[in-house]
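These are the structures in question, set out in turn.
Paired with subunit B in one complex and with subunit C in the other, subunit A is shared by the two complexes that follow.
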Partner chain A sequence: MENNLIYSSSPHIKTTRTTRRIMIDVCIALLPATVMGVVYFGLYALALVALAVAFAVAGEYIYLLIMKKPFKEITREFDFSSVVSGMLIGLTIGTNYPVYAPIFGSLFAVIVVKMLFGGTGKNVVNPAIAGRVFMFISFQWAVGAWLLPAIGSVYGETVATSATAVVDVSKGTVPALSVIDMLLGTGMQGCIGETCKLALLAGGIYLAARKVINIIFPLIYIAVAGLTTTVIGGFVFAFFFPAILSGGLIIGAIFMATDYTTTPNTLCGNMIYFIALGILTAVLRYATNMETVSFAILLMNLTVPLIDKFILNKPFGYKKPQKQKEAK
Partner chain B sequence: MSVIKPRFFPYGTKIHGNKLTKNSPTETMPAPSKVYISVSQHIGAPAIPVVNIGDKVKKGTLIAEASGAISANVYSSVSGTVSDICDIVNGLNQKQKHIVIENDFSDEQAFLPPLADFEPQTLVDRIRLAGIVGLGGAGFPTAAKLTPKTQLDTLIINGAECEPYLTCDYRLMMERTQEIYKGIKYVARALKVSKIIIGIELNKPLAIKEFSEFSDLDVVALKKQYPMGSEKHLIYVCTGRKVPTGKMPFDVGCCVQNIKTVLAAYNAIENNIPLTEAYITVSGRGVKKPKNLKVAIGTPFPDLIDYCGGKSENADKIVAGGPMMGKALVNLTQYVRKTDSGLLCLNKNETSSDAPTNCINCGLCARKCPMRLMPMYIESFALAGNFKEAERYGAMNCVECGLCAYNCPARRALVQSISMAKAKIKEMKNGK
Partner chain C sequence: MKTDFKKIAKDGIISSNPTLKLVLGTCPTLALTTAAMNGIGMGLAVSFVLIFSNVIISLLRKAIPKEVRIPAFILIIATFVTIVRLALDYFLPDIYESMGLYLPLIVVNCIILARAESFASKNGVLASAADGLFMGIGFTLALTTMGAVREILGAGAIFGHKLWDFSIGFFSSSAGAFFTYAVFIAVFALITDKISEKSKLKKIKAEEKDFCGEIKENA
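Presenting the complex of A and B:
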């Protein structure tokens, strides 16, 4: 009889959601921030992002070709995760970075952090975060002064030129910018993709609507970070919104901390992870104002295997084994 | 009595029903010229053939006898002559003894002796004699299920039919309502319980309406959420009782029976007819005319497909059972068993044959698992051969509903690995 039947184990139907689909969704969610970055910082910003993406993808191909995987197979299995890493690396540097920074950053992120550990899903830390920290440490000497976006402050005080982009709780200073300006990123120094918070939030809402991320967790992270800053600052509520809206907190919370591979697998584990992340970010910010979100996520990524080892789901109907009472 | 809302159960997934045959009435398919009846259509020891080659049998003649407490009688489904008793490797790659009967189309029916009374023990004995097993798919001998060690208090009838595509239970609930109701009453009598709950999924509003007319049944309108037909979950949403891990439903005072099982019980008790027919949905977009069929047990699968207009060119996968838990066939040398409820011919667009990629740790399998397991860990331990650790992560609790693999974006064959782990763990335990 016919022997051309496909034989496989159940189930025989599957969802349409694939790893590639998820990664493409993340790329789409990053588009508004990219567009706003180009509007604010010009074509040099676009060049940086494009270079980052190109070299992230190239890095993956080069690695797999060296590993003697046929080109066609790589293309067929290409899952867009390196595009996401590349985009994030491009978006988390400022236009004051030299043109070669994203190239090395992407290659480091994809080859060293991701592929050497076994590719998508096997990395210990988020490649984009690692790439960002790599660039921050390596290219400090080449980084010029932060540039301001092309569009100036649209609301409130216009003394933005000298404002620091990050709240400095230890000194008790708040950026001299209105909340609306901080939300739009107008008149505010910052990285290409981090400046316009509204675009990032739009991306976050898209991801939540597509059920790629659970929006609760980034919200927990942002809220805990804001509240902890307020508490550290001596219950000065004026710190709350500037703390949330400054620096890389929102892009970190929505796009980097929620990376599947480097978050715990259980609901409870995720709660612990994101609360700890919020506290760590605020504390680090108190001590320094350099790349705090990146370092906080990087550190917390390393705790994930530990959380996953100890926080497990209990099977349905599980009862704690009762201790047997000793017969008297 | 009334329609009750089920208890909230946060896990599981809504799956597209694809109930192509929802509105097609059950048709009786004429018996084929030859039937191949397996002696092992149930869980437990295979039945022992009691006929010889050349014997004349009627429809309903005992041809193989149960060999132990967990076993079931097998009856001839046609009248004719036994032409062969042989081992056949079926489409599921299992070697089983089959009794081949040549149909003489005289359609003579042999009846079981009429019942003397309707005492519980008599009813249980009749169900055992009629060879009735759990027709939901597991095939556990019903009589064994009806004689629990402790007194039960609730009988739950499983009308969820949560598997996509399958509709034969639904059609039966509409067409044979009275008979099913009487069957339920008999089973309740055999169990000596008075509380009867019937769980029906919300996508079968007509069936819910039919059964809500009876004053002594509670109808629970289950949410459309796979796997509501799973025994443990049905008990939970209907009664709020959780079956402890490693325990059976009777430990919480419940007994779950399938719609088709109670219908078979009705036939055996009221009409003195043993179990010789199966209700089966032939569906999928790879078959030309999907139908709900009443067929003789032992009918070859190709006959079923031919009766439904044949399969189309691009039917790549033939599945015995539903798409979530059913088994794909290696070839079509498969014959209808008591427990069969579906035959699906799926085409390329319906099934997924993507190659598995790396686990991206998204945690979706753990979030959707109705047993609250963590399939990704069990899978990785199973693939690494560390079955002890797999067991520690609760592999034995898996009900193999298939949701983890259904949801997996990396297309990993989670169920396959977990059931492999389960088999190995069982082996380890038996070895000790």
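Presenting the complex of A and C:
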């Protein structure tokens, strides 16, 4: 009888939900978007994504080998988070970027943003976002015009090739594309992974079903961004769908803003975080005439420690200390 | 009292390098290191002001009352900054243009005030001049190498000469300035730590040798 009792220190609950398992789930959720990106933009898109993933993983291995960690141990503890970062970096650039852009972006994201701060779970900002912004700042000189996907517009007329829908909305004109075209990403300019919204939404639903992310928060972000754009545009509801279906809003909301490390710990804090994110994205888009999802997420990531400092969970059974009357 | 010039030189360039060890004067360091030439220009201007203000302050160190020493120092420094500005504007208008606002800002550069306060107001004229010279050299070297690295990576050029068509724009942005600065401080600390460790080991080994030799002799 006594032998059935096990004495041990916490943790007592065992589960198969490890970091590796969650990260593999995110990889699976990103697959449809990757496939659609390759279908739309050709094999060069696949090469960019593959390079980004390969160098993100290589960056982690190189860093840990320099820190004198044995190769076997690295492989045993490898948690696939650098694969996710690499995939996101590959998916958030267009096929107009040069071959070396994802290489530098991935190395910067994994080595500088993640590993130097202490590895998975200790990074201050999302590595994929930082890598994307790094590539955006660094290689703008090498980037030509946005390329259109191979499949043209299904419904409606052909698109004006000069501007992405984001710029159209922020300039106050409703884009010529129909909502269905935007949802499918056909006839629309953009990055490899962000054009086909349907594939991204499928990935989001998979993640929500696997309980990796709470689907409420990305929805809050997307809805607030759309509503703010509507309000800025003078309560014209025609702006709502173009605003949420253009640019990188959906990939950012589902895969980047929901990173565990860079979101607040409390429910209330998360609400503030995602609402502020939505407003910031819409206002910055309007102010700069370009896609600002990654910059908005980067900025809000930096406020997470502040949000966590001021919004705390109430401890169980906590009572507000009653003010004692000062003895005069 | 004999002044130890070797120690002053070592302090200024290595063990208390104003940019990489004391982290003083970061404002021009971050803003002006987009090109190597800017680094040299800024370094020389600061060195000039540093040497002469150190000399004057050292000469006047007994005449300046303790209570008003900071305004007095600032006044002396501002005089030399004005001289540098006017001279540069006349002789080297290109460099004067490129440095812009940062030239008058030398007045509030922490390095100069720190050296005046902690060295020149306590030491003799010759020692103060040497201190100014070597601190200036340390500052100039740090700024020039940082500028060269940022220019090569950020613009694909060195001292204005185009090397290749490849560049990583991040390094010419201000975020890249902070990043490069941090990497420089880290690498410099690594190197100086290694050197000091080695010299310590050498000392211990030499002592051991002496000790063993003594034992042998005694035996």
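Some observations on this one:
One rule holds in what follows: the second predicted complex is superposed on the first by the 302 of 328 C-alpha atoms of A that agree within 3 Å, B and C clash if a C-alpha of one lies under 4 Å from a C-alpha of the other, contacts with A are read in each partner's own complex, and residues count from 1 in each chain.
One rule holds for everything that comes next: a residue touches a chain if its C-beta (ideal position, glycine included) is under 8 Å from a C-beta of that chain, and two chains touch if they have at least 3 such contacts.
All values reported here derive from a predicted model rather than from experimental measurement.
Contacts of A:G118 after superposition: subunit B is touched, whereas subunit C is not reached. Comparing subunit B with subunit C, the partner in contact with more residues of subunit A is B. When both complexes are overlaid on chain A, the residue A:W141 reaches subunit C alone and has no touch with subunit B. When both complexes are overlaid on chain A, the residue A:T266 reaches subunit B alone and has no touch with subunit C. In the superposition on chain A, contact of A:Y7 is made with subunit B only, not with subunit C. In the superposition on chain A, the residues of subunit A contacted by subunit B and by subunit C do not overlap at all. Interface residues of subunit C facing subunit A in the complex, by the touch rule stated above, are 167-171, 173, 175, 179.
Remark: subunit B residues 11, 15, 164, 232-233, 236, 242-245, 247, 302, 316-319, 323-333, 344, 346, 350-355, 357-363, 366-367, 369-374, 376, 393-394, 397, 400, 402-403, 405-411, 413, 415-416, 419 touch subunit A in the complex. Across the complex, subunit A meets subunit C through its residues 104, 108, 112, 134, 137-141. Taken in their complex, subunit A has these residues touching subunit B: 1-15, 17-19, 21-22, 77, 79, 118-122, 260-267, 312-319.
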